[in-house]
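Same chain, two partners: chain A is paired with chain B first, then with chain C.
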Partner chain A sequence: MSTAADTPVSMPPARSPGVWQLAWRRFRADRVGMVSLVVVLAFFVMIALAALGWIAGDWQAEVGEPYAPPSWLGAPPAQAPAQALPVPQGPPVDLSDVDPLAPRYAEWAERTAQVASHEPPRARTLPLGGDRLGRDVLAKAIKGAQVSILVGVLAAVVATAIGTLLGALGGYFGGKVGDFLEWVYNVFTSIPGILLIFAFAAVLGRGVDTVVWILGLTGWTGVYRQMRAEFIKHAVREYVRAAQAIGAGRWSRMFRHILPNVSHVVLVQLSLLVVGFIKAEVILSYLGLGVPVDQVSWGTMLGEAQNEMLLGHWWQLAAATAFMAVFVTAFSLLTDALRDALDPRLRGLE
Partner chain B sequence: MLLEIDDLHVSFRMERGALVHAVRGVSLQVPADRTVALVGESGSGKSVTAMSILNLLPDNAQRRGRVLFEGRDLLQAAPRELRALRGRAIACVFQEPMTSLNPVFPVGRQIAEPLVRHLGLSRREALARAEHLLEEVGLPEPRRRLHAYPHELSGGQQQRVMIAMALACEPRLLIADEPTTALDVTVQRQILELLARLKERHRMSMLFISHDLGVVGEIADEVVVMRHGQVRERGPVQRIFAAPQDAYTQALLACRPSIEAPPVRLAVVDDHVARRVHETRARPKDPHAPVVLEVQALCKGFRFRQGLWGRREFQAVQGVSFRLRRGHTLGVVGESGSGKTTMGLALLRLHGPASGPVSGSARLHGPDGAVDLLQLGEAQWLPMRRRVQIVFQNPYASLNPRFTVGQTLVEPMQIHRIGATRAEREARARRLLEKVGLDAAAMHKYPHEFSGGQRQRIAIARCLALEPEVLVLDEAVSALDVSVQAQVLSLLKDLQDELGLAYVFISHDLAVVRFMADEVLVMKDGRVVEQGPVEAVLSAPREDYTRRLLAAIPGRAGRRGSARAD
Partner chain C sequence: MAAYLLRRLWQMIPTLAGVILLVFFLFKGFGGDPAEILAGLAATPEQIAAIRQQLGLDRPLPEQLWIFVRQILTFDWGRSWATNEPVASLFASRLPATLTIMLPLLVLEVTLAIPLALAVAAVRGSLTDRAIVIVTTVAMSISFLVYIIVGQWLFAFKLGWFPVQGWSDSPWTNLVTYAPLPVLLAVAVSLAPQTRLYRSFFLDEIGQDYVRTARAKGLSEPAILLRHVTRNALIPILTNIGAGLPGVFVGSFLIEVFFSIPGLGREVLLAVNRSDYPVIQAVTIYLAVLTMVINLATDLLYKWVDPRVVLK
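Coming up: the complex of A and B.
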């Protein structure tokens, strides 16, 4: 994020702690922040393993009985065998009169006997239960985490990049450029968000990448507003004037001087957007506008859970909700801790 | 004895349990009906001492000792007791009137609030009293001002409102923490006179905190000098000025340039304390040195939008002309809003082209002819950036906090392709740091690790990296402590002697300008009202405005001992 990072200083290691190191020191002292960081990192490790296929690679496998309950609930009581039909009373009838295929049943049965068929035993219970097809809810939740978090993070990166670039241009140049960007911003914010998302979804179709673009293209406005304000504030600061006085060009002033100084705002906005977009993806998928049917996300799980709830199978809903709640809460707390650690007022700058 | 502080210690708990001792065993007394001044540089613990009286310190402060107010120990007092005292028996006036007033309430309401709370007046009575108070602090049209919002008042008027608020409940002790530091000299004089008058009339005591010995000499009966959290010297004001005993007090008095007889060199506190003496030889200036910068009829306006389509223009600088010779210094003085900073920025074209029109000419003379700085396009400006540089007022804001000092110094060399390799540039940066009196180890540190004076040295080194001919110093020492100011001024003089730099020295401080400058421009409302050699203008001013500026310098009247008895 910081463009200052691309000017490495090949120096002896006597370099003093920079602003980032000081922030990290403050962050380390924040116990809630550290715990949430560990939780978030654990999620990211899980996603990496899932993406490599080491865990939850076979989430589509129908390993349990349909609607297998979670293990700790125990197997359901064996259902009483279907009640025997009452013994027919009428006279025997030659089936071939009714069913023209009846004479061939024996032949088919004979041929079927020659083909080895293998029906794996289905588990009566699964760790977190099974869905309609008997797929493992735990594997689905893990695989769903991969899609949901990936969508959230990528969309937040797209939205932050757009918002930062436009905010920097609008805030630094002002004048006609600023007016034009304000106009674009006003158009975007005057349309209700969900309507805008539907419009993009209708045009772009379904798919994970589409969801990323939809959320990214509609979610940049908040970042834009903040970055514009920051750039307006910093553009007249003396260090930027001093950079201009030594002859630094416009782009250098904007992205080499100002951007690193407002990067804490970018970072906090980014993490807020990640949380928001994960929730947005869930809503989109729930409405059927999100990820395609051959993939799973927390949103599609919640969508399926709607029907299951009618049958009293609550575990898919619970699993998706718990995963999402833990991740989103940890991420929000992490964001809070980040903001505290990066607060520029503590640096004695302002 | 109204207030008695006895062996006060204040320390702050920092991160990871570290303790910072800000005040170490301070004792002082404020008798009834007297003004005691607490003097010291930043970090001396003077404000912390004053704030600990009413416990206005942050939560991580620990206090030890005794603070007796009318015989009651305030360190042991319950929060409720303290609240009853605050604003009622002890009132405070702070440095920044702009941030001390609540911007969303009219000032009348803010004055009336303590009256309603502490004295139990009705709202109507309180407003009537507020009007009376505003009249007493000398605000014209007090009835109309009751309904004014803080931003509608000037800085001096805001400070008057703050004083009115402090006086509202007739306190027995007024704590004034640098009440005039943010104000212009002429306004400062008015406020000081007002405070002295009110103190007489209301028979209250005052604890006056300031870094400026000149101001203190005007208002105080007794002076307490602090350094590093300890009292260095105390005594009646006449004795402190006439016969200071402590080396530090002597140094403080010595390192302030005097307007009547500016020294050739300024003393620096540490040298003075260690009784080191520098050679004091003035290098005579060559009156026929070549002219490097010739400005004629410089005007700079700003455009504002007004209404939907309307545009209004405001002339910030009008018709400024001067000639600056190599190795000479032009002082530019004036009150805030006089256009002196705008003039400096216009010379470097640091205002955006959209901000407003510039006219006139600023010809920079060089070996290959003259260039008009105001006519150059963006691309042609780049080589000129090497020749004209600027140092800003606030050393805390003018360095990029995310760059190490090394990066800050190497950047201009990269832009202008000075030095072939990175190593060469870094070696040059180290030499620059030594030249401005910093250790080369500073290369890898960040600006926040340096004090204000050191940061200003880094900013000067950044300018020197480009080997400029003209250096615009925009209030370059105004934000610094007196002793640090002396060091930086001496550094600037040395650099001028060594490198033949020409300075445009912008300052509101006439004594500093008298010390630095060869010629002076006095500006008012964007125009030059008086111009000429510095001795002539400041010792025999022709214009009324210049005379007013001179008369307002604190310390002049005080040491003559005349103006205080009104």
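Coming up: the complex of A and C.
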């Protein structure tokens, strides 16, 4: 608050930094936060490239031998093909008088010759190894990152949108609307979360978009709680009443005046949900309620890994785990840093 | 007290009604046609019509809702569509396996996490504390699935300390032979987040004025932590345990699926995969009731733990 007296006339009036600018300053000072931001951005660039098909577009191509080991382990010793039956000696027995197919062999051989068949050479080793079909685990992990992160982010957006909208309505209007929404909230929270997910999964079916809807429709309650409290607090503040005095309508007050002032809470809730939903997608996909078999996610990779472990092929498990651990750790640390930067009152409580 | 209890029970009715409406309209509005699911692919239209009439699906919606409510109140859900087993007996036959896993898990979790969290809170701010926070953050970012895959492979397959999986008819064999590996893995996984959470509860209390007073009058640090802080931190810990209790009855479905334990969680998942609606509906509604009852019990427990709490 500077008065006209101590501001030199020649200088333009200094604008006080906004809440986002201040938060960015605090955030930049947080080294852990900055590093995790870089890691998360790198993942987003990677999944953008994967979504465009520039990298890992051919993850379904069977480029290596089944269970090809990672390159740095070296190729496995060549095994002599098992000979179950002894190779017959002597001239082949002529069966043409008893073989009913004999007259057509010549015709088939001719037609086979017309079709060019091309078996590409299969790699003995792959950068991070191969899976049961010889698909590149690195490409799968990248493509899986795209599906898993996309599911997590989209589901979190759905849940946050529902929670924010209902929380805003309940907190701002109170009364009958508020009571009704509290009732809906009580109903949703009285059913154990996993059962609610199962019930939705039973009726909505399978698929990537279905997982997004299931997680979004069942996961909004925490955001609702938080936003309702914020809107109750803000609805009676002076700036909102001032907005009312100059003729701002209800919806304008709720979403143009209050919402920007609580948007930092929304952002933190959103990023908390992303981590939770990525983990949930992994487990749902393993249980067969998530990503279908023609797509790949970290969850389906881990699902395949259970049997591979028994055969000693650990690389798919390691790749999916490493990708997921790096992203989730970075995202969790980023969320902590965001919360510290956006809400300095909370700093040090946890 | 009695008035409080009555009012709380009275307040459960609208919530329960909401749960019933949610489940009813969810399955009615989005689920497939029960008659077609039951009749199978090779059914004639007459068969489907007959099943529809048998289930009351040809009646108006309010009447169907009434049939549904009557099923809930009389505990008469008929038979499972997939196995023809009475739904009511499903609970009785599947719950023991779930509890064999979940009760030891709950007891171990609480008895290990509280002292651990207290110990971490006692050395707050030190290098050990920071290191533990970082390790738990990383440990929590790895999926539960990875821990059980690796745990089963290492302890059961490689080292042979436990059976890989299995279940028997004898509760004792189950408890000492088949339950230990799943229970230990689940405890190991849940210990990190629990410790972190309880640590924050302890830290909240350590900052309070009464702790400073206790220090000022010369109490030793262990006495402060054990006698004063622990008792006060027990309230949020109780809430947390109470919130997790209903989960005990569904079981850790992932563990049950992974280790092929014939519990309730695995049964629900099978029901989801087989579109066995009565089983899913029954489990959902009764567990919602159970959750409400447990929440009430937790609130009553507060009064017992903390005499200052006034039940309104």
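The criterion applied here is as follows: the second predicted complex is superposed on the first by the 290 of 350 C-alpha atoms of A that agree within 3 Å, B and C clash if a C-alpha of one lies under 4 Å from a C-alpha of the other, contacts with A are read in each partner's own complex, and residues count from 1 in each chain.
Operating definition for what follows: a residue touches a chain if its C-beta (ideal position, glycine included) is under 8 Å from a C-beta of that chain, and two chains touch if they have at least 3 such contacts.
Every value quoted in this text rests on a predicted model; they were computed, and no experiment measured them.
Shared-chain residue A:195: touches chain C; no touch with chain B.
Using the contact criterion defined above for the overlaid structures, shared-chain residue A:339 touches neither chain B nor chain C, since it reaches no partner. Of the two partner chains placed around the shared chain by superposition, neither chain B nor chain C is touched by A:132.
After overlaying the two complexes on the shared chain, residue contacts for A:124 are found with neither chain B nor chain C. Looking at the superposition, the partner that touches the larger set of chain A residues, chain B or chain C, turns out to be C.
Chain A residues in contact with chain B (one complex) as well as with chain C (other complex) are 349. Those residues of chain A lying in contact with chain B across their complex are 2, 4, 7, 9-12, 14-19, 26, 29, 174-175, 237-239, 241-248, 257, 260-261, 347-349. Across the interface of their complex, chain C is touched by residues 183-184, 186-188, 190-192, 194-196, 198-204, 275, 279, 282-283, 286-289, 298-299, 302-303, 305-306, 309-310, 317, 321, 324-325, 328-329, 332-333, 349-350 of chain A. Here chain C touches chain A in the complex through residues 14-16, 18-19, 22-23, 26-27, 30-32, 137-138, 140-146, 149-150, 153, 157, 200, 203-204, 246-247, 250, 253-254, 257-258, 265, 268-269, 271-273, 275, 277, 280-281, 283-284, 287-288, 291-292, 295, going by the rule given at the top.
Chain B contributes residues 15-16, 345, 348, 350, 354, 381-382, 385-386, 389-390, 392-394, 396-404, 406-407, 411-412, 415-416, 422, 441, 443-446, 448-449, 459, 462-463, 465-466 to its touches with chain A in the complex.
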